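Look for chain A in each of the two complexes below; its partner is chain B in the first and chain C in the second.
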Partner chain A sequence: MLKQYTYYILAFACLLLAGCDRIAEDERLIYEPIVMEDDQDDIPEEGKPEQTKRVVLLEDFTGQRCTNCPKATDVIEQLQEVCGSALVAVGIHGGPLAFAGNARTVGLKIDIGDEYYTHWNLEYQPVGLVNRHAPLSYSEWIDAVKEELAKPAPLRLKGTAVLEGNVIAISIDAQGTNGTVDGKLQVWLLEDGIKALQLMPDNKPADQEYIHNHVLRTAVNGTWGEDFSIKEGETVQRTMALDLEPKWNREQLSIVAFVYNDQGVQQAAKTKVEIIE
Partner chain B sequence: MNKNNLRMKKLFTLCVGLLSVLPFWAQSFEFQYEGQSLNDDETIVIVAEEDLFGDLSCETNSMLDPSNGLVLKLLRNATATAAATLQITHNSLTAESLQWCMGGECTPLGNQASLTKRFTVAGSETVQFDATNISGEGYLLATLKVTIGLETRQVNIVFVNGDYDGISALSQKESGKEAVYDLHGRKMQGKPSSGIYIIADGKRVRKVAVK
Partner chain C sequence: MKRTLTYLLASLCVLGAEAWERKGVTFSGSIQSDMLVPRRDSGTGAEKTGSFLTNTYADLLIQSQYIDAGARLEFLSYPLPGFEKDFEGWGVPHFWMKGNIGKAELTVGTFYEQFGSGFILRTYEERALGIDNALLGGRVVVKPVKGVTLKALSGVQRRYWEWNEALISGADAEIGFDEFFPALQKNGTDITLGGSWVNKYEKSDEKVYLSPTYRLRLPKFVNAWDVRASFGRGPWNVMGEYAQKSDDPSFANGYIYRKGSAAMLSGSYSGKGLSVLLQAKRSENMSFKSTSDVSKAIGISSAINHLPAFTQDQTYALAAIYPYATQLADGEWAYQAEVGYNFKRKTPLGGRYGMNVKANLSYVRAIDRQFYDGDDLVQQTNGYTSKFFKWGDDTYYRSIDITLSRKLSKAFKLNLMYVNQRYNQSVVEGHGGIVHTNIFIADGKYQFSPKVTLRGELQYLRTKEDQGDWAYGLLELSLVPHWMITVSDMWNCGETKLHYYQGLVTYNVGQHRIQAGYGRTRAGLNCSGGVCRMVPAYTGWTLSYNFNF
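After this line comes the complex of A and B, so read on.
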């Protein structure tokens, strides 16, 4: 009888031990914060340019009528917490689930949002482009951002934006740090803290006071930006101006600048609009 | 004694065999609408109303109480993998957009008549299907078919704006019979009490006031 119990105990112990498989190092899930130096603030003027880290652009195609879009926003917030200024997220309200607004309800859809949605052949929402590569579901963004951050950046970008009166004066400074880059320079205006209706996931009621952050308001230099070219060691400055629209909250505006080409977004930068009274 | 043992053994094997195939016969999921179980292939009718955005819309789940609309509910397992197909069989509803959200993604239908999704259901899954910003009279007929394991069930969804003649496809199974729905799309049994109802007789759908 005792012998029988011993067998049972041994079998149970074997089962327990079998459950403790060693997990290979590259398969372990480790939440590892990415520390970024804000090394784009100052552009060295002379000598061999210092290498710079890549800032990743995440375009989130969203809509107030898109039930699952707040889940994508949660992923962006997680990423921002880890990546800090190394990630620039933009909420693009476009496509059939975006809401243009009416007399009763504030809408955040813009025409260029629809144009981008159509151009990238997007088919569902939420969906995002990480550095303008293939469209990805929000569950894939973390890995894609991590992958992009590991790539070297061929240029350094810095933006300044000043609101004086009703005009935002924008200056974008770039320095080539590795090879030559040909592509487009795109500058966008974003607004944070917009309170507006949003459908919610997981059987939650619609939120009439949902706070929409990093909402794309307009493209400063055209829907697809302007031609841009820079060589290693070269510095380029572009200036532009934008009239303030009454519906924008001047306290919550930012400028996003990025350089892109057929290989995707090469570098991005974000800066808050400074108000001069 | 040995004979008895053999009989008992056979009986035991038979019982085990029966018990092991029982799960394949039992219903594993169902559709519910506003908390009520729907029969397989049942039809729900949803009349256009002004939604929270201020647009005229038909929605399977209210924006303010989404859990109380059309829901797919597992009856036996905590989780299951589902394949769902939404098929539009008629659309004269002039809606700005149609969206179908299940499995964590919202898909606009655009000009497509059919869409399929595969996803994992944990307990239950809200079936959110909306026609938004309807600008004219018309109707839409759709069938949602879900397969989990070996079992397939479907629900027919009718979105209506206005009173219509000639909706023969509304429910061909009910042709010749008259089905009465309340304004929430619930099918009424017996003579309804006073109020406004939708009557579908297989050829037309109309709104009537019962006094």
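After this line comes the complex of A and C, so read on.
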């Protein structure tokens, strides 16, 4: 009987040892950088239009009452440093932790923020959509952006925006580079550098002067954009105009344009609003 | 998941057919169905989230001398408000067969298990919170000699309508020494020692980046072990337990590589009308999930272990507005003291019918954490240093509850309760600040006749923070043996001035219980045992049906 128990104990000890998996401090990191190709576009195949790199859209569903949202913003800043213009980040203030504001405190929540939050079946914040695929927590964004950057882009997109008087004139130029794309063209207005309240993580006090960047202010061409179709080699231009609202800081405005369909966002572009005095 | 339904029904039919032929086979089961017809309510902001919602469960159990088997059908395709999208679905997620052979018991299929207090393993079902973290696999329980219980198990864990990929394995041994030493039994002394081990193996594809340049190397194995001892003699009982978990970088702990631990000491006395309970617990970095997929690990699903909250589970409506949720990842020092005394009848304080007084003090505090980088947790490091007995700066929760129960006449019984709380809303809910409350509760029951009883509650919550004061009233008329009629109103007389009214009619007949009603439910935390779920406001018609056979 004693012998039998000794075998059991030995087998148990072996299992315990087999299960040990301590990772030494100097082995916890794996070097795996985002490889950014040079800015030149790919050399096209014979008979094909000049190819272009994909610009990735990251929709960050955030809120001023969301304590972990500044952590997500940190990830965006890290990504922007490496990816530059290949990443377009948009802060969408919607969902239960967004703040509509009151007489004393500036709120950044917008109705379409709530609409997007509900439409995408989001359930927690911060959460993001990378090129409108499955919702991801911020710790998963870098991996998703890497994957998207590696994909070819089927079209080239370029926007210009000019503010003259109180009207922003917007022009979006698209060129089909690979196959046909059917979907929607969405144009948004963003604002940087908004000083407003933000709850902070790790039990830190709320920051009354937190700087909110790339905040979605409005959808220029409707909540879900307008129908859009482009064939390989074809060029399409869309123009639109937007009245400036007094609460927007004209110095800090940008336009984001992107084409999306059921397969996600196909291409995105961001341009600063140029002011003509 | 749907395929299992077919397999299950087939195996149950075979088993059932065989079983019928044998003597001593019993069938039992239950049905529980909670239904809601929601309505949009501009007052509370409640949405009409569907035309008909229901959480319905049907359990079937077949027992015989050597083999037991069971299954559960769950219909949650249109669930009640407050559950995640992944909660939706239907099927037979539970199906199991248990064989009793001599001193061994073998279970195949789904099962629930708890080692010790659950510090390293607790799988259980809590329907109100949508928790069901059963394991699918096998378990063997052996009792080789009297007083010794050995368990071994392995399986994958349920997360709503899928099984997480991580393989959970474990073993537990418990020895009751009083079975070996007759002298201990003779003088009423119980000594029990136990030990457990749990291993999680996950070959994760999850790529977690520290920065756009570096990815974290995550461990495939996470081990946890636990030792415990209890000593009881007469009215006294002392219990101690300690658990440790190996490095388990996760979203919950900020991807730090640090061991987790939990230690608990509990002592109690119960005799001669007096009961005393003293408990202390320290835990740190003990969030233990069966998936590293962040979108699945967020929330209360996929938990392998459970740390009990050393706070009162409140049943009165206003006392339950600010409940405490155990801080598994950040850790906590938690203390609880409870004293109860029964004043005998026909004494000056006990009066004609006797009186019971109970006082409970709960205090939960942050543990000391000195981060390597000032105020921030830094991924890939050991996170922080922590002195075992030192407290951190924040108080998470404090509650003083005093309850007095007294029968004032043959027909009238009165409960009075006072609760004083200090609730750290930022820690528990992620917003707000510190909420201080004073809650006064009176609960009286008058028996008009053996068949007619009326119960009433009056409650008032006083606070300057959050939504301000609340008042609550309830009347409940019981007409034995079939009927019960309840009306209540919870009124926020502080900030919102909203009334959350409710009316319910309950009918019991035989093994059936039906409850129908209409009312408003406020948005807030629904908690049990320190685990909480945020439930949105909803309004509508409700219907509940329970049946046991």
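List of remarks:
The rule is short, and it goes like this: the second predicted complex is superposed on the first by the 229 of 277 C-alpha atoms of A that agree within 3 Å, B and C clash if a C-alpha of one lies under 4 Å from a C-alpha of the other, contacts with A are read in each partner's own complex, and residues count from 1 in each chain.
In this text, a contact is a pair of C-beta atoms (placed from the backbone, for glycine too) under 8 Å apart; a residue touches a chain by one contact, two chains touch by 3 or more.
The model shown is predicted, which means the values in this text are computed figures rather than measured ones.
Shared-chain residue A:Val82: touches chain C; no touch with chain B. Contacts of A:Ser137 after superposition: both chain B and chain C are touched. When the two structures are aligned on the shared chain, A:Tyr124 is found in touch with chain B and with chain C. Look at A:Gln64: by the touch rule set out above, it reaches chain B but stays clear of chain C. By the touch criterion stated above, A:Lys204 is placed in contact with chain B and with chain C alike. Of the two partner chains placed by the overlay, chain B and chain C both lie in contact with A:Leu97. Touch counts on chain A: comparing chain C and chain B, the chain ahead is C. With both structures placed on the common chain, the touch criterion links A:Leu163 to neither chain B nor chain C. After overlaying the two complexes on the shared chain, residue contacts for A:Thr105 are found with chain B alone; chain C is out of touch. By the touch criterion defined above, A:Val187 lies against neither chain B nor chain C after alignment on the C-alpha atoms of chain A. Shared interface residues of chain A, touching chain B in one complex and chain C in the other, are 65-68, 97, 123-124, 137, 139, 199, 203-204.
Contact residues on chain B toward chain A in their complex (touch as defined above): 52-55, 63-67, 96-99, 101, 104-108, 110, 126, 128, 130, 132. Interface residues of chain C, counted against chain A in their complex, comprise 84-85, 169, 171, 197, 199, 201, 206-217, 219-223, 246-247, 251, 255, 257, 294-295, 298-299, 375-377, 380-382, 394, 426-427, 430-431. Looking at the complex, you find that chain A touches chain B at residues 64-69, 71, 95-97, 99, 102-105, 107, 123-126, 137, 139, 197, 199-201, 203-206, 208. Contact residues of chain A toward chain C in the complex are 12, 15-16, 18-23, 25, 27-34, 65-68, 78-79, 81-83, 97, 121, 123-124, 134-137, 139-140, 142-143, 145-146, 199, 202-204.
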